[in-house]
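What follows is chain A paired twice: with chain B in the first complex and chain C in the second.
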Partner chain A sequence: MNATAPPPSARLLGGRIPYVEGPLKVTGRAEYTDDIQRPGMLVGRVLRAPWPHARLVALDVSRARALPGVYAVLTGEKYPTPFGVLPITHDETAIAVGKSRYIGDIIAAVAAQDERTAEAALALIRAEVEPLPEYSDPRMGVQPVAEPIHARGLNGSNIQKEVLQHFGDVDAAFAGAAHTARVRGTFAGVTHAFTEPLVTIAESTPDGRLTVWSATQVPHYLHRALAEVLGIPMHRIRVVKPEVGGGFGGKSDPLPHEIVCAALAIETGRPVKVLFDREDVFYTNHGRHPTQNDVKIALDRDGNIVAYDIEALIDGGAWSSFGTVTTYYNGVLSMGPYRVPNFRYKGRRVYTTKPPSGAMRAHGGTNLRYSIELALDILAEETGVDPFDLRLRNALPPNSVTVNQFRITSTSFRECLEAVRAKSGWAEKFRRLPYGRGIGLGCGFYISGSNSPIHFTPKMPQSTVHLKVDMDGGIAVHSMQADIGQGSNTLLAAIVAEVVGVDLERVHVQRVDSDVSPIDLGSYSSRVTFMMGNAAKAAAESLLVPLLEAAAQLLGTTPDRVAVGHERYYRRDAPEQGVTFLEALHGAMETRGALTASGNYRSPSMGGSFKGARAGTAPAYSFAAYVAELAVDVETGEYKVEKIWAAFDCGRALNRLAVEGQIQGSIHMGLGQVMGESMNYRGARLFNPSLLEYKIPMPQQMPDVEILLVGKDDPEGPFGAKEAGEGPLIATLPAVGNALYDAIGVRFTELPITPDRVLRGLDLRAKEGRPWKGH
Partner chain B sequence: MHLDPFALHRPTSVDETVRLAGSLAGRFDYLAGGTDLLPNYKMHLNLRPNLIALEDVGELRGHGAGRFGAMERLAELDDDPAIRAEYPVLADAVGEVATPLVRASGTVGGNLLVETRCFFFNQSYFWRESLGFCLKADGDRCHVVPQKEKCYATFSGDLAPALMALDAEVEVAGPAGRSRRPLEALYDAAGDGIRRVHLAPGELLVAVHVPAASRGLHGRYKKLRVRPSYDFPELGVAVAGRWDGDRVASLRLAVGGVEPHPRRFDALTEPLVGSALSDDRLRALADEVMRQLRPVHNTFLLPDYRKRMIGVYVRRAVDEARRGSAS
Partner chain C sequence: MSEAGLLRMRLNGHPVVAPCEPARILLDLLRDDLHLTGTKRGCDLGTCGCCTVLVDGRPTLSCLTLARLADGHDVTTIEGISPPQGLSPVQRAFVESGATQCGFCTPGFIVTATALLRDHPHPSRAEIERAIAGNLCRCTGYTKIVEAIATAAKDGA
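The block that comes next holds the complex of A and B.
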């Protein structure tokens, strides 16, 4: 593909487009899963294991079954087929079979006439169990253990996945290095905390079909998992995705409750709803992995990065989920935004008896990046070079290939650095602010759509979009892309409207429904704008062909001489001669009736041929450079991030309103992980499964954010666009970490950086007698 | 999580409430704002079959002339500029309670009598059952300080320290009629996280009275918590006083959020009256308050940190009150 300039009539793309579903959402009219009512609907509830790890010897459900108002009680044996988001690591079951693996694991389910009856039934279930060893720390699982959490653990250990990669000669590079730095980071687990809790409704009907409405980011993978576990062919299952109130990765796995809900519907013949409360959502988790990493970076005499040597120990929790991808990403996402000629990585993800971790916004990219950017800050200081200059010297150039064969096409990383350096007043502030005030730089790099789909059979495009327009002039758009609040419906509508040249209000994006929506792989890996956007553009261009033909006929010319205007097609050589969109449409319909069109996107083949070469390959990458300025109360350890300058390269921002919202939201989420959010475990027990004790930052903690969109058009992105949904999170963390060092001279390598840790850091610095800015 | 059914009673006078409370003794909770009680009920914490809703008891409403009705909503105080002018320490404390939405429901009496809190207590039935229940609900042992006698749940209201610093009294109605007692006597200093207040069966908190002498006292309430809204106090320090030039004319200090009941430190502040408060004496005061209070590991922040913050917060609260006095 070649660089694509927007059509000359560009009216929407590049501007600020309010969400098409906005009026419905703000007035409460938008339909979420919990809003759906079905006749005779039952309430489904799950029984959770209170033990960290236990063999299930016997479950007596007879009293629960006998309770009036109870329609079904399910245990694991009925649907024992394992599933999981990755085909290579199917280790989850809808309900525990044989043993339970964490406090909160589902061991039985009931469907009853109402909530109270369902809970009363759960209380009547008696379990006979044999306690098994608790493995709450991944370090306990790297050697063979008495009772592996899963039989598939590596050599009798709890290691779920081990990755070893080596490119170039890291030992030689370190031996010849002029400077080296090492950061050992410790990161608490964090979770998505999306607004809408997990909820599913399922209904099995006498026509032999099963319909499932679910709050999901990836309807297609849910569709596959339902078919596999329930043993029903996919064409008899219909998956519907209503509006979704946020996901951030937490609704991207097919989840056990979705299958449980469908199973209960089949069992009872009645519609069943499973609505989780917040504590259930915390136990379902699939959030960012608790991680320990060890990052070593070597520089040569001139300040060029010569090698990275990285290790990561990743706490997986009880299931695999996306974990194999996580294990790769915690290494390979270090391959930008800098040139790294030698690279070694050892990553291990270890099962623990805790709620499963999985994919969360900027999956695999944040913890690694925090340690790298701190190490670069250390190296800049040691070599007496400004942190910006060190990064500029090492920036990956456009159209290059990394040592592990990532294909880098567009990058405006250099422009990001230059813009944020100038805007933040860096030169006057860095190391010059008074004690307690600091400024710090952090950078980011992320995939714009995973190049490799999770499933390879059958071979098909990653995104397909269908359009239909009838004589009313409204354009119906079908696609399984999943709007979860990030604005993809709006983008889809805007692309179609832009290409066809009509008002946005003519374009109606249909609810995702597997019966009618062509497959798009869903909202994960920051793939939607790039992949669905290209598919939508192709579909709209195809729809335009008969419209331009009809217009040409009406105007007495040929289609190539007809231009697209606003609700109008006109002769290029005589712009005053034109026809309206409806005139062209009705002309085109004379011989064929309603018009339909289809477009799709398939990413180009890329990546090396070594094991794991596909991990981290993407048709494009986003880049970021952020500066944070903050003030520390050195007596209490409390600090306030006052300002963040966020320079981001998402190529061309197609909807600036949505892009800015994503950047602000990402900064908020990133600040959460830095400042206070943590899955607070004592042993295997989660102590804060509530939004009161899980410390998401409050609005008062948000800094002033200045967004600098400096990206140049990507050659393959739709209209030059790349992702802006996940990459903007990453740079937030190290910008704050490095600003804290500038403020008080302490390197914080354990997240979250809570006030007590700040004081501990200050105490330690005082004890070591290292003055900072005269204090 | 759902609410189990309960009988809801809606008395309209103090006398009717007292009679009702007497007849339901031990089988009811008062429903004041409900912002803490109802979440606790959803977690099945010490459910009672009856709730006596107080919102229709007119006498419990209103504030003015040093009287604060027990059912006065915190938002009413938040919105009243006279509170900021006359009782700055109280204005600080009210503004620090949870969020504006919670303050729209929450009441003065509800905040004074708010249930004590603990990481092992404020959890769902499932969570508590999986660990083994605790002394304060359904069990017979403490998980914070392992033993079977004493509960370490923390007093988590913001208004009590502020009102103690203002030398407030509470008005209580009961079968024997009305009585008044100092606010600190409402709390059971010899009790624990379970036995925490001195209110006889059938007694009802009617109002809080702040003496005229406390009007216009300079004051400050400083609250330690992870986030600047929502969170309960991990420490709350209230100071009110008057300065005559450099000389301390009066000074009271109270602390909540650390132990099962809020504490007033008259024995430490009274000796300071009549002379200038040097930095050294202020530091000594802060250190002594810190020494006397013992946080335990039952909230988000670690106890050694909370203890250290007692010293900082006391010093700053006094200093800021004093500077407020000078301005």
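The block that comes next holds the complex of A and C.
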């Protein structure tokens, strides 16, 4: 039997559905951007600034241009239109104009016949610059500065975004509180480290059109940015997304090299490929922001949370990217999974002369959550309450509204807590394991699709899916959702197959191509299952209408009396009387030829009317409760997370194989951030731009993961589903942090928690004369 | 090399003669000159394993290997491991276990796992983890990859 053959029953959803493109990926036949060859293709290369911050006085490119084999040399002035992923903060240019803002900023680009010539040309470019002050720490930029990194910084400072929110009366709540706890967390920046480097191919053709193939997770935003910067109407640009080798947020901004590549193609009239090496990818970054946060939580005498008071100082790097969203999320994503009646937040994201930070898996949700969950553990200990009981008491109920007017519909957070408490053997282990062994609880909460599309002009649906079926009986699916490995193509195909009642192998999800794919806002904010899933369901239901009509006619009944079987439609009143899918299809085609159908999704109106009210609103939220058990070697400071019990509420898991994969992968990525990953800067210089020195957990460091899917159906999710792509990362970090405390009695508030920090923590505890479990 | 600038090797079971500069890297030769794009370029530094091929049956990082060192040797890429129709047992196990996500690291894992199971048909979990320690996957947390290799071993790959 073929590996991808569907199970005999057409009831796919809720089962384990192997990825539809799996056979192509395991044979090396899946086509990624770098695998595409175009005739006469040139090599594009970029020149990066070696200075943290510099005024570009003059760039002499004459010798580079004169080098044989060089087809074009570009500097910033040719395409100076600023762009950025958020329409309100366009502060990037394809190539630096006037000044460069970090080590690695692109200051020129060449297209040449081959790599060697391109590199030689770059070496011939001479730059005259005036050094400007380096701002490597966000604290250096919160006051007015001599040379703001961007003119749009707040009041002459480097503050890119400041958020001040206050709901209820936090001061009064703290004044009347029975217990308070405070955690000041420091978090190194981390990066996506997707395995496929950034790569783009562009080709400008004599018909006046531009085609761009790119490793992107948001083809539509790239499409918009290309049109804006290049001054070409969108309908003359075609964006194609081949297979993408991982994104995790790092391929969601339109990136400068994508525009540079297109510009070089226009300049030369030849296809151009810009392929980044790993160092380029590290300098492009857009990873998780280095952050300092200060979280204060107040409880009343009964153990109810009465207030949060949160501050965050966020190191943005050289550009805005998603930073305005980041700044909001570092506060407002504290609204679950607990009930918080009073809330105050001051968040500032500050430009620095470092590679830009941006959106990374569980964007805005991890660092804040780490500090909150540690503070809750401190409060549980102080009040003599089990950490589970404290959280159960404060669990946000279903069908409620938060103090900042987030609409909460489904939540199985309580069920997550109960399941993971029982499975982990918590009662026998917490504070009872021998010295050096520990167990810890951490929880999570994340959006299931941003309610607020980044681009809402025109006011179109967030997701649209088109279907076409011709006499061959294959269903072609078009959508601009971007499968980057999470399995969205598989889910799209399975939803269509489920609704239409056909085998999965009949459904062919087409490559994203803006010429034929209807717009979907792409893969970010954990929106695809929820939004594309609903659009796919609507499209398939629409496709089913003429099929049932034709079947009814053939069966001598009415469509409402026809049921959907497996590759078959039959009379409800006489199930033995039916027609095959193909008979119904061919019947339906007699009057209209090939069938087409369209479905879309638009999230309901929600959120308050205050400034920033939309940030963090989502049609649904995921919830998590994880327990980690670990063992610390107190001589070396090394520790091994041996087991994680992961209870997750993603509503109904439509493809359990994919949901498990997302949870396992999220835990791996979360362990990376808590245990060792760090963008290491000395001043503004990144010191570890390689996968050798940027430490991602090895297979041997991966714990045994027991997944507990306890979610109940979400009322608005497709077939009851919610997200499982980002939320599963969040709880990993505090579960480990709290387990370390249980093991050795040290609260770690600086991430990553490397062995040297563990040893330092043990030394400090010894000096304080604070024994733990008799040691 | 036997002739100036010409490299002779057995590639995926067939003799191949290819022009090759002395400093040509095996990965570049395979991908750019011979258009065998199943072997992936992830880091150019030997840190990710996406470029793994077999040289005389041994998993080798093609991004760190001078092409001329393959002169006179057997080179097997993911294309050579894949049967003309269908999938190898290791490939089938990867598909059925959901061990691919983005798939970019997958060819390297398949190559490594195929060599492992050829030499150690019944590896322990620790042996599987050690064998794949040079292959980076950022999507799966390795869990389903280890499961797939164990499944392929059980099924007698």
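To be clear about the criterion, the second predicted complex is superposed on the first by the 765 of 775 C-alpha atoms of A that agree within 3 Å, B and C clash if a C-alpha of one lies under 4 Å from a C-alpha of the other, contacts with A are read in each partner's own complex, and residues count from 1 in each chain.
To be clear about the criterion, a contact is a pair of C-beta atoms (placed from the backbone, for glycine too) under 8 Å apart; a residue touches a chain by one contact, two chains touch by 3 or more.
Quick caveat: nothing in here was measured; it's all calculated off a predicted structure.
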{"item": "Partner chain(s) touched by A:Thr636 [first = chain B, second = chain C, both, neither]", "value": "first"}
{"item": "Contacts of A:Gly676 with chain B and chain C, given as first, second, both or neither", "value": "first"}
{"item": "Touching partner for A:Ser605 - first (chain B), second (chain C), both, neither", "value": "neither"}
{"item": "Touching partner for A:Met698 - first (chain B), second (chain C), both, neither", "value": "both"}
{"item": "Touched partner set for A:Asp277, first chain B, second chain C, both or neither", "value": "both"}
{"item": "Touched partner set for A:Pro50, first chain B, second chain C, both or neither", "value": "first"}
{"item": "Dominant toucher of chain A (residue count), chain B or chain C", "value": "C"}
{"item": "Partner chain in contact with A:Thr457 - chain B first, chain C second, else both or neither", "value": "neither"}
{"item": "First, second, both or neither for A:Thr591, with chain B first and chain C second", "value": "neither"}
{"item": "Partner chain in contact with A:Pro755 - chain B first, chain C second, else both or neither", "value": "first"}
{"item": "Intersection of chain A interface sets (partners chain B, chain C)", "value": "277, 692, 698, 700"}
{"item": "Contacting residues of chain B [partner chain A, same complex]", "value": "1-2, 4, 119, 123-124, 126-127, 129-131, 224, 226-231, 300-302, 304-305, 308-309, 312"}
{"item": "Sites on chain C touched by chain A in the complex", "value": "35, 37-45, 47-48, 50, 77-79, 82, 86-87, 91-92, 94-96, 98, 100-107, 110, 126, 128-130, 132-133, 136-146"}
{"item": "Touching residues (chain side chain A, partner chain C) in the complex", "value": "2-4, 16, 18-19, 21-32, 34-35, 37, 192-197, 243-248, 275, 277-278, 484-487, 657-658, 660-661, 664-669, 690-692, 696, 698-700, 702, 705"}
{"item": "Residues of chain A defined as touching chain B within the complex", "value": "48, 50-51, 103, 115-116, 119, 277, 279, 635-637, 676, 680, 685, 687-689, 692-693, 695, 697-698, 700-701, 754-756, 759"}
